[in-house]
Amino acid sequence: MSSIGTGYDLSVSTYSPDGRLFQVEYAAKAAENAGLSIGLKCTDGIVLAVEKIVQSKLLVKGANRRIMSLDNHVGMVSSGLLADGRHLAKRGREEAQSYRDQYGAPMTLKALIERVAMYEHAYTCYGSVRPFGISTIMAGVDKTGPQLYVVEPSGSYYGYRASAVGKGKQLAKTELEKLDLSTITVKQGVMEVARIAHLVHDDNKEGNFELEMTWIGPETKGFHEHVPSQLLQEAEEAAKRALEEAMEED
Amino acid sequence: MSRFNPYEENGGSILAIAGQDFSVIAGDTRQSLNYSIQTRYAQKVFPLTSSAVLAVNGFAADGKNFVKRVKQRLERRMFPFYVYNILAGIEEDGTGAVYSFDPVGSYEREACRGAGAAQSLLQPFLDNQIYFKNQTLAPGAEPFVPGRLPLSTVLSLVVDAFSSATERHIEVGDGLEMYVVMAPGRSADDLTAEEAQQAKEWPSELTVEEMESLGDEQEEGKAFRVFRLSRPLKRD
Amino acid sequence: MNHHPGAWGQTLTPHQRFDAYSSSAPSRYQPSSAGSGVVGNDHGMYDAGNEAVMAGGTGVVGHTQQPLVTGTSVLGLVFDGGVMLAADNLASYGSLARFRDIQRLIPLESSKHSSSCLAVGGDMSDFQYLQKQLETMITNERTQALGDDHPSLGPRQIYEYLSNLMYARRSKMDPLWNAMLLGGVKDGESFLGYVDLLGTTYTSPTLASGFGSHMAQPLLREAYESRQAQGKSGEREGELMSRDEAVAVLEDCMKVLYYRDARSMNKYQIATITASGVDISASKSNETEWKFAEGLRGYGPQKQ
């Protein structure tokens, strides 16, 4: 950020002399410093998870859900400004619904992500607006099978087999790379994602967290639903055990 | 060319009688269309406030939506609801009151009113029993004054009116639902006490339950009381 | 009736107007002047609807219409594990058996808490429109439901929405020409309700629309009430039919309707709605016996 304060970071409609849009990069910072989100594409579905830092002990456990549905078959989670995430989800729902109305079929993830990304991109083109302060994972199962994409504040998007956004995303991605993503099932995915979330999280630095997880798999009949609380609990317990064992080995 | 007819007649009847410090309002629970019974239980009598109960009869779909909108206090005149309404309750002076309405909104306070499919059977009966029409005073007897009958007499009149209408009208029957609204401070013994229910006049198979007050804050002992009474009618 | 294009728009004599085979689509609302079997209109063709309702060229357009492609009656029955609905696979075009593989039972919201299903009779295009409206609403609610304890839609909620929609359309004088049954289960409680083009609604443990309200409803009530009596007298446990008994009664009703309803077909489906979801059977048909008809005048070889 050598160019900070040179006057080129006030508007999203002005490039710096070396061709950067600082407002977009700052928006990405907002996303990078927020709680970790993980998305995993499996052979038989997808898994989404988010690390919710417990902001206050007065909050009800399990309340303030963060992972959202855009359609029956599409889930979305984002790291960054919560309200920006909700706004994007609303837009995604409208796109998915209008597609259903017009074509009488569920929208493919590829088509949906294109629309949502174009929407985000529009917020990087005008001086009167501010880019979205979120990195978003959107995943679902459509007629072409499980799909997973990540959209950045710039409006660029990529398809992945697995990805993570938010604080600690590098470590999480390194762990995801170790998995055999060509054979993993959602059941195994739930266990792995829980393990990675617990591994990446640092209780001393960030305080306690709640793990929220959703999936689409054989058990949900193609619908995007919360992972049953019993399974989630099992996954978290296994994750904690695995971490303790790893500590002892060290 | 045929025009879509947005109305239907769903049969059934309603009736209300005012007493000195109470009122009784009733309706059967059959909903029919021509010769078909659509259901044996559809509500026609709806408690609205702590002191007023409304009975609706005519086109059932309009009736349901009318009640829904009365609860939201809305008005409608150009495309009338095809419903006859009777409202019963307690007036501000503590007397039992019955108001009857026609579909376009004209209304009248009365001592009693029958409406619906069997109006022509119910009303003459009420005229005779409540207004004492066509009765001659015995020499030296007290003059007839409508609206002073005791509750027990009114209850058996309502039951008789509906059982008779059930016998003679195919669209009336299945069940009878009655609401009794009592003025504040009035004793409910003539409805709830054991002796009252053992009395000769007490209608058979009648179940009585007190309704929870509908919201308005009321001081203990000065509250209106509403009772729901029900009884089977013949199902044929 | 003369269907030749040259005859379109011509005024017909009463003789020409008489339609012995009732080849135009059936309507519940024939004009009184054209009663007693005379079906038709001044143009000798289906009326396109959209006639001006108010005289004097006020430009007010009415939407009064007729159903064209229609499904016949649907049946519904509460049993001990939930609700069953039945409908045949036919969509008629007037007296023509036009579409013979139409599913008129549509599963709606089913979740951990509730399952619902709709059975539809009447105009098939209105039904398809309705289906889309309902599915949009349900998808919408479901996507919201992933958030904080958003209540999910049970059969009563869907029924209320449907009733409001139908009543609003009849109040606009632009009805959706259908009669429908909605069956469902929520938190172990069964629900069965009827709603039609007038916005008329009612609930009952046995229901039937259209022709079925005359032919099948009495059979359903009899079966339901005798089973209830057996329960009350202590002869059998519980007061509701088992799944097999309910299927048997519905099959019997569908057979009776097939014998007597000229717009029905011997190919139908049964939807079973329970806490675990909506199961729609494969199409089935009943054994029928027509030998008795040989002796009937007009069917057999007899003349006069």
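Some notes on this structure:
Every chain is named by a letter (A, B and C) in the order it is written, and numbering of its residues begins at 1.
Basically, a contact is a pair of C-beta atoms (placed from the backbone, for glycine too) under 8 Å apart; a residue touches a chain by one contact, two chains touch by 3 or more.
Just so it is clear, the structure is predicted and the values come from calculations on it, not from any experiment.
With centres defined by CA atoms alone, the chain at the far end from subunit C is A.
With centres taken as mean C-alpha coordinates, the chain found closest to the middle of all protein C-alpha atoms is C. With centres taken as mean Cα positions, subunit B sits 62 Å from subunit A. The centroid of the Cα atoms in subunit A and the matching centroid in subunit C are 46 Å apart.
For the pair subunit B and subunit C, the distance between mean C-alpha positions equals 35 Å. Only residues 27, 29-31, 34, 41-42, 47, 51, 53, 62, 64-66, 167, 170-171, 173, 175, 194, 198-204, 213-214, 217 of subunit C touch subunit B when the two sit together in their complex. Those residues of subunit A whose C-beta lies close enough to touch subunit C in the complex are 63-65, 67-72, 75, 93, 97, 100-101, 104, 214, 223-226.
Partner subunit C is touched in their complex by these residues of subunit B: 1-8, 10, 31, 33, 36, 38-42, 59-61, 64-65, 79.
Note for the complex: subunit C touches subunit A at residues 132, 136, 139-140, 142-148.
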